[in-house]
Each structure stands twice: as C-alpha cells, then as structure tokens.
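In what follows, chain A forms one complex with chain B and a second complex with chain C.
On to the complex of A and B.
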C-alpha cells in the first residue's frame, strides 16, 4: 500500500506571534516498494514532511494514510505509537543520538521499548548487524569509540532492528567520505531490493538521486513543486538548472557537450550510454 | 615563495590507545588553495584544530606566517588564521548578525568606533548587509556560514581554514559559499586550506594533501593525486566524475591524457572532433 498524503498542512506555533506555516497543502502519493527522493532548499519543509510519516508530527490540517494508519489533526501520540515500529525514521547525523554504553544495548533499546524480552532483543541485534556491515566483535564495545561512519551504521541498525516496512532517512550520507557514502547507499538499495522496504530519502545529492532513486519529489516553500519518475526528471536538465538545482556531473557534461555541437539525445542518462554516444561522434569524423 | 603554514613532525593523540596524528610534515605556500582529503577519522579536523591552537601537539612544530605556534603566540597568531567549522549552528555567538561579526573584533581589542565600519564592510563582502540586525534563528544554514566567514574577514587573516564548511548546506548554500571562498582566494590572495569530501572542489584546488590513518599518504597536484585511483579507493576516497568519464573514453581508445574537470573533458573532445 502506497503512502497517500492529502491536503496536508502543518503550522508551527499556531495562533502565536511565532506562527509559521511549514507545509501549505501537500498532495502526494509515495509509491510502495520504491526509493523516493525528497529534495528542496533548506526551509522548504522536507524535514517537517518526513516527521509526519511516523507520527512524530501530526498534521494541523489534511490527512495521511500510511501502513494502515489514518493520520489526521488532533490524533494523540498513543494512537500512533505502533506506527513508529512500521516506519523507521533516521534523523540527520543520527550518530549524535547514540547514548548506551555498549553497541548491543544501543541497538536493542528500540525493541525493548516496544516490549520485546531481553533475550529476543539480543537475538534481533545479532541478526541485524550483518545488514549494516558490522560483526559480533562490536557488540560489547562502546559506540563512542567508533568512527563517524561506523556510529551512523549503529544508529541505523537501531532503526532496522524494529523491522520497519518503510525507512525514512534524512540526509543519510551527509559528512561521510565518498566510499562510506557509496556503501551506505548500497545498504539502502539492498534493503529495498532484497527486503522490499519502501525507502524515502531526503537528500541534496543529485548523483544519488540519479543513480539510486526511482521517484523524485521537489518541495518548495511548503508546497510540492514537482513530482515524477527520476528518468523523466533528468531528461529536462535546463528546467532543473532554472529552478536552482545543480544537476549531476553526467547531466552537466551532457549540457556542455550539446552546447559545443555534440548530438546527445535526452534519453542518454548513464555513463556508458554517454561514452558510447560521444565515441560514435568522434569516430564518425574520422 | 614563503610558506603560510609549515608543519614539522607533528604528533597528537586524544588518548593513549590511538595516535591520531602520526609524525606529519607539510608546508603550504602563501596565497595557495590547498585541499585536504581523507577518510572519516583520518585526522583532518584534528589537524585543523592543531593549526589554530585549539589542540596542543604532543610533539613537533607548527609555524604560521613564519612564527612558531606556542602557548605565548597562540592569541597573536589567531589574527592570522580563521576557521569555519562544519555545523553552522555551533558557531553563532552573537544575538544578531552584527554582534556575531563584531565578536572577533572585541576579542582583538579593536576600538568600538572602528568596529561599525569593519562589521559593515565584512557583511557586505559576503552579501549579508541587509541582515545585520537579524537574529540567527531567522537565517538559513548557508547564511549562518556566510556570517561566520564575515566574522573572520573582519579580523583580516592571511589564512582561512574551511573544515567541511559546506557539508551541511543545501546545493545553493554550498555553491554560494564555494564562490565566496574562490573570490577571497583570488581577489585578496588569502591562503585557503579546505578540508573536503567534494572531489570536484579538489580538482579545482592547486595542491592536495591526502591523509590516511593520521599520516600523509600522498601530496601534490590534483592530477597527480587522482592518477592513483586504486590507492584512493583503498582509502575510502574517489575520483571526480570528469575523470571517471575520461578514463572510460581512454579504455575505448579515445583521449590519452587524464581530464579532471568537466571543462577539460569538453575541450579534449572538441579538439578530437575538429581534428578528425
């Protein structure tokens, strides 16, 4: 079942001098089993929107249907507690939220909080470790001894261990070194392809949007500016640039080459396709 | 050319167990644009903190603009070196933009009657003039980073260190800060030392230091550093898109020289097209 958002609004501090409308009527369908990117400038409402997906925020108007829950204004937190198990939300820089003295305890905190026994929680932790590329030797170590990238894996394991159907990630690769970022994205791809998880990704990295995502949503001043399939999106690079998005390297190279008289069809969207298209044209001149 | 920074045999560790900086030596020419790259935990930020005297080295020496960094000289030397950190929220001190920019000046005992003018000039340089009386909560991350840069410009340093200063910003914020850095470097000949994971920025710098597990693994021009792709990959790093493309073309028997920026790739292809 996909996620359906209808006329959703969120106003912070309503009826006070600090009133701020962060979301101003969002209509969206986020497809099930796909990887969806949410992009937009700082302050466009991305984080506010994703915090609705697991009931951390309740809309001030409109509705949200997700994993069998119908979310509408004035719902109580206790009504959505179970939703938090089904939708895992990973904040930006999740490593700052680690707090337990061992990695095992930190990852087991979620299941125990939902009433799982100590023993079962331990089993779950052991099962989840390989998914994030860590082994049992880490269990007894303090999470604070780890590098930034490893800490982030532990924090993500703490969400995955609840076996959510939907995984929402707020800029999961920010600050990671290039290979670390690649491995992190690979992890989400595996969860999507092998375990069938729906993945929602807030990101600024257009390379990731192009290489890993199926669907893209642009938010702008609390409204949906654009929504489409990723391929279709990158077929219109001039438009992308005109709305202030820096397209991925491949798309920028395509644009530059087109300006210099190379004939490159809009359908060319991978490195191999571009290499092939360009070699054909330099060869033709021989 | 004289060196803005000279580091000799520097060692540092946070605790007994692990050496974070392991006998590092390097020098950075005055007026250059140098990037430092390395995996998470390689010691990049530690070096930055050592250079501005926030951390004290276990052994070895640091010279800033020819003068040795010691407990006695550290406050004096901070007039020469400014730093912009990663998180825009962690470095805002003032209650307004103007207060924040003035903070460094107060620290350096600039007479109040001169402050106003310096603050306004510095804000103008980063395009924040209309925000002088704005509170930090009403600024975006990119704007806060620009204020941080203005605060540094106010004390007119010779060297500015950027420690992943754009990694928490959106693409527009990032582009505007990068443009700001480039201008400072070109127009005011400020020595820039930028710690980054952005390989496109590295490709445009003049000199690259590659850190690995607390040691300098490689240093040299971006072209030289990127020519060791395998080694970079082993160190959790990568090469820019332009070079990936260039290598693919080379595999097919076209292009014989590495291109590391998109402009270079385009130029090479145009030449090839017209030659044929």
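On to the complex of A and C.
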C-alpha cells in the first residue's frame, strides 16, 4: 500500500508568540516499493514532513495513511508506537544517537525496545552487520572509537535491524566522502531492489536523485511545488533552478549545448543518449 | 521542549526593552531584596503594584508571565503540603487524621508562594526584555569594580554568555536525539522504571558526547582567532544610561525603602 497524505498541516508552537506553520496543506502519494526523493531548500518543511511518516509528529490538520495506520490530529503516542517499527527513520548525522558501550548492544537497543528477547536481538544484530559492511570483529568494540563513516553505518544498522517496511532517510550521505556516499546509496538501493522496501530520501544531491530515485517531490515553503516521476522531473530543469538548487552535471551540460545551438530533445537524460545525439548532429553538419 | 517560556527573550519594543541591562539587573536585585523583607501583606501589595506596572510597561502578555510559572507549580504544591504539616503557629483550624492544620501554616505558605511567584515574574520580565548578550554585558560591567580584588569579571561574563548561547543549541540537540531514539522505539512516557532509566540514558550519553565535541570545537575556533581573556578589548556596543534607567532604579529603591519602613513600623 502506498503512503497517502491528505491536506496535511503542521504548526509548531501553536498559540504562542513563536507560532510557525511548517507545513501548509500537503497532498501527496508516495508509491510503494519505489525510491522517492524529497527535495527543497532549508526551511521548506522536508524534515517536518518526514517526521510525520513514523508518528514522531502528529499533524495539526489533515490525515496520513501509512502501513495500515491512519494518522490524524490528536493521536496519542501509544497508538503509533508500532508504526515506528514499520517505518524506519534515519536522521541526519545519525552517528549522534549512539550511546551504548558496545556496538552489539547499541544495534540491539531498537529491537529490545519493541519487545524482542535478548537472544533474538543478538541474532538479528549478527544478520544485519554484513548489510552495512561491518563484520563480527566489531561487535564488542565501543561505537565511540570508530571513524565517522563507520559510526554512521552502525547507527543505520540500528534502524535496519528493526526490519522496517518503509525506510526514510534524511540526508544519509551528508558529510561522507564520495566513495562512502556511493557505498551508502548502494546499500539503500539493495534494500529497495532485493527486499522491496519503500525508500524515502531527503536530499540536496541532484546526482543521487538522477541516479537512484524513481519519484521526486519538491517542497517549497511548506507546500508541494511539483511532484512527478524522475524522468519528467529532469525534463524540466527550470523546476530545479526555481528553488535555488543546481541541476546535476549532465543537465547542466545539456543546457550549455543547447545554448551553443545543438538541438537536444528534452527526453535525453543519459550520458549515452547525449553523446549519440551530439555526434549525430556533428556528423550531419559535416 | 519548545514550550519553555522561562528565560526566553521576546523581541518587542517597549520602554523596559530599551533600558540599560545594568539598571535592569540592579532593579531586579532591589526587588529581590524587597521580597525577602518581612513586610507582611502591605509590603507585598506595594511590590505587586510595582511589578504589575513593570509588566504592563514591558508589553508582555500577562499570560506569558503566568505560563512561565508552570514548571514551578509542583514545587509550590509540595511547599504547601510540607508547610501545612510542619508549622504549628497561630490557631488550629481543622484536622486531617491525627494532624492539625494551623492558621499560621496557611499564612506562611501563602507568603512563600506569593514570594516565589513574584520572583518568577521579575526574572521573566528581565530575561524576556533583555537579550542574553546584553545581560552578560551588564553583568560584566557591574562586576568590573570587583576586578580590583581579583574577580575575573570578563571571564565570568564570557562563561555565562557561552552557556546562554548554547542553551537553544542543546535544546535542539536534545530534541533531535530524542526523536532519533524514539524512532528506535524509546518511549519516555510509558514503560517500567528500568525502561525509563534506559531511555534517559540513551538521551544523556549522546548529549554529553556532542557537548564535549562542541566545547572542543568552540575552544579551537576561539583560539584560532586569537582570543585571550586577559587582553583589553573594546566594545561594539557601548551601554548608556538614560532617564528611564535612573527613574526605574530610583522607584525600585523607593519600593525597597517602603518595604523596610512597613516592616519596621507594622
């Protein structure tokens, strides 16, 4: 079942001098089993929106249907606890959530909170470690002696171990080197393709959107500005520039070539197609 | 978390907002002393009138000042209960089981609650009308004379301003970690004592780790820019007292004197 969001509104500090409307009526459908990117400038409401997906925030108005849960205003936390297991939310810089003495204990923390026995939790930890590229030698080490990238892997394992149906990632590659970022994205793609998990990705990196995502949502000032599949999205580079984000390299190259007089159809979206299109025109010209 | 009203600056434009932080701190000091002068009901009425006028002048909503008392309600209730059972002066009023409640106890408790409420309102007005940085600047200037006896006024002020500066950052950080742990199934509201301790631990450890990180980074950043607490420095902002400041201080001194007179005479 896809995630359906209807007229969702969220206001922080309602009825105080600090009142601030972060979401002003969001209507969305996030397709199941696909990778959806949510993009937008700082303060556009991305983080507020994703925190609704696992019930951390309850809407001020509107409704949200996700994994069989119907979220509406005034819901109690008790009612949504199980949703937190079904929707795994990985925050920005998740390495800051590590606190246990050993990596094993830290990863097992989540399952134990949801009532899994000590023994089963340990088994789950052993199963999840290879997914994030760590081996058993790490189990007894302290998470605080790892490098930044490794810490993040442990933190993400702490969410994956819950085996969520939907995985929500808030800038999972921020602060990683290009190689680390690529490996991280590959990990999520595997989960999407092999385990069929729905992935929601908040990102600023248009290359990631182009290479990994199926569906794109642009938020602007608490509203949905555009929503489309990734192909249509990149056929409209003006959508990207209108919210102050730089298009990916390929699109920039395409725009430059068009300026120079090449006739490149909007449907050209891969390097191979672009190369073919350009060589054909150069040959014809000669 | 975001609902903490106590100690937050409210950017409004009022006479009180424009006053010099030094005089505001002095007025607060005079009023605090006045509160502890045993001047009975009349003293408190005098103080309450002065505080009310200040509150109106500061353009703060009375509801805001009231809300800042919310965290103190339980303390007040606790004090009420303790006092009722501990004090045995005045005339016996009624019995609860084998305990006798005396009129003196009720009176004394009400005094304490009124004192507490007035102190909260005064400090709320001070912090809501003064930017944290101005406040520390005021403290630094007021402590200046004590440098002669070896009090490091500038260092104290710098520590206070750093602490104040990081309160919102830490609240935000705590909120973020709470959200992250809640996503891992931590439930701070329900669950057994053991689960709750574990939940709090999962919040405090990361908060400590990141605070030490931040402190380290801040120290490095300050040193990289050549910060030396013992150097003489000039100020971008120079404090200046105006008529409102002198009037305010004079009036609050009058209130203090009034309380002393009432206390001695009655």
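By our rule, the second predicted complex is superposed on the first by the 278 of 286 C-alpha atoms of A that agree within 3 Å, B and C clash if a C-alpha of one lies under 4 Å from a C-alpha of the other, contacts with A are read in each partner's own complex, and residues count from 1 in each chain.
Here is the rule we use: contacts are C-beta pairs under 8 Å (C-beta built on N, C-alpha and C of every residue); 3 or more make two chains touch, one makes a residue touch a chain.
All values derive from a computational prediction rather than experimental measurement.
Q: So, does A:179 touch the first partner chain B, the second partner chain C, both, or neither?
A: first
Q: Of the two partner chains, chain B (first) and chain C (second), which one does A:196 touch, if any: first, second, both, or neither?
A: neither
Q: Looking at the overlay, does A:159 come into contact with chain B only (first), chain C only (second), both, or neither?
A: second
Q: With both structures placed on chain A, which of the two partners, chain B or chain C, ends up touching more residues of chain A?
A: Larger number of chain A residues touched: B.
Q: According to the stated criteria, A:149 is in contact with first (chain B), second (chain C), both, or neither; which is it?
A: The first partner, chain B, only.
Q: Of the two partner chains, chain B (first) and chain C (second), which one does A:275 touch, if any: first, second, both, or neither?
A: A:275 contacts chain B only, not chain C.
Q: Should A:98 be classified as contacting the first partner (chain B), the second (chain C), both, or neither?
A: second
Q: Going by the contact definition given at the top, which residues of chain A touch chain B in one complex and chain C in the other?
A: Touching chain B and chain C on chain A: no residues.
Q: Where on chain A is chain B touching in the complex?
A: Counting only chain A, the residues touching chain B are 40-43, 147-149, 174-182, 204, 206-207, 244-246, 248-250, 252-253, 256-257, 260-262, 271-272, 274-275, 278-279, 281-283, 285-286.
Q: Taking the complex as given, what residues does chain B use to touch chain A?
A: By the definition above, chain B touches chain A via 38-41, 86, 140-142, 164, 167-175, 197, 199-200, 233, 236-238, 240-242, 244-245, 248-249, 252, 254, 262-263, 265-266, 269-270, 272-273, 276.
Q: If you look only at chain C, which of its residues touch chain A in the complex?
A: Going through chain C, the ones touching chain A are 2-3, 10, 64, 173, 176-177, 179-187, 189-190, 195, 201-202, 205-206, 209-210.
Q: Which stretch or stretches of chain A touch chain C in the complex?
A: Those residues of chain A that touch chain C are 12-13, 16-18, 51, 54, 56, 77-78, 81, 84-85, 88-91, 94, 96-99, 109-111, 113-114, 144, 158-159, 162.
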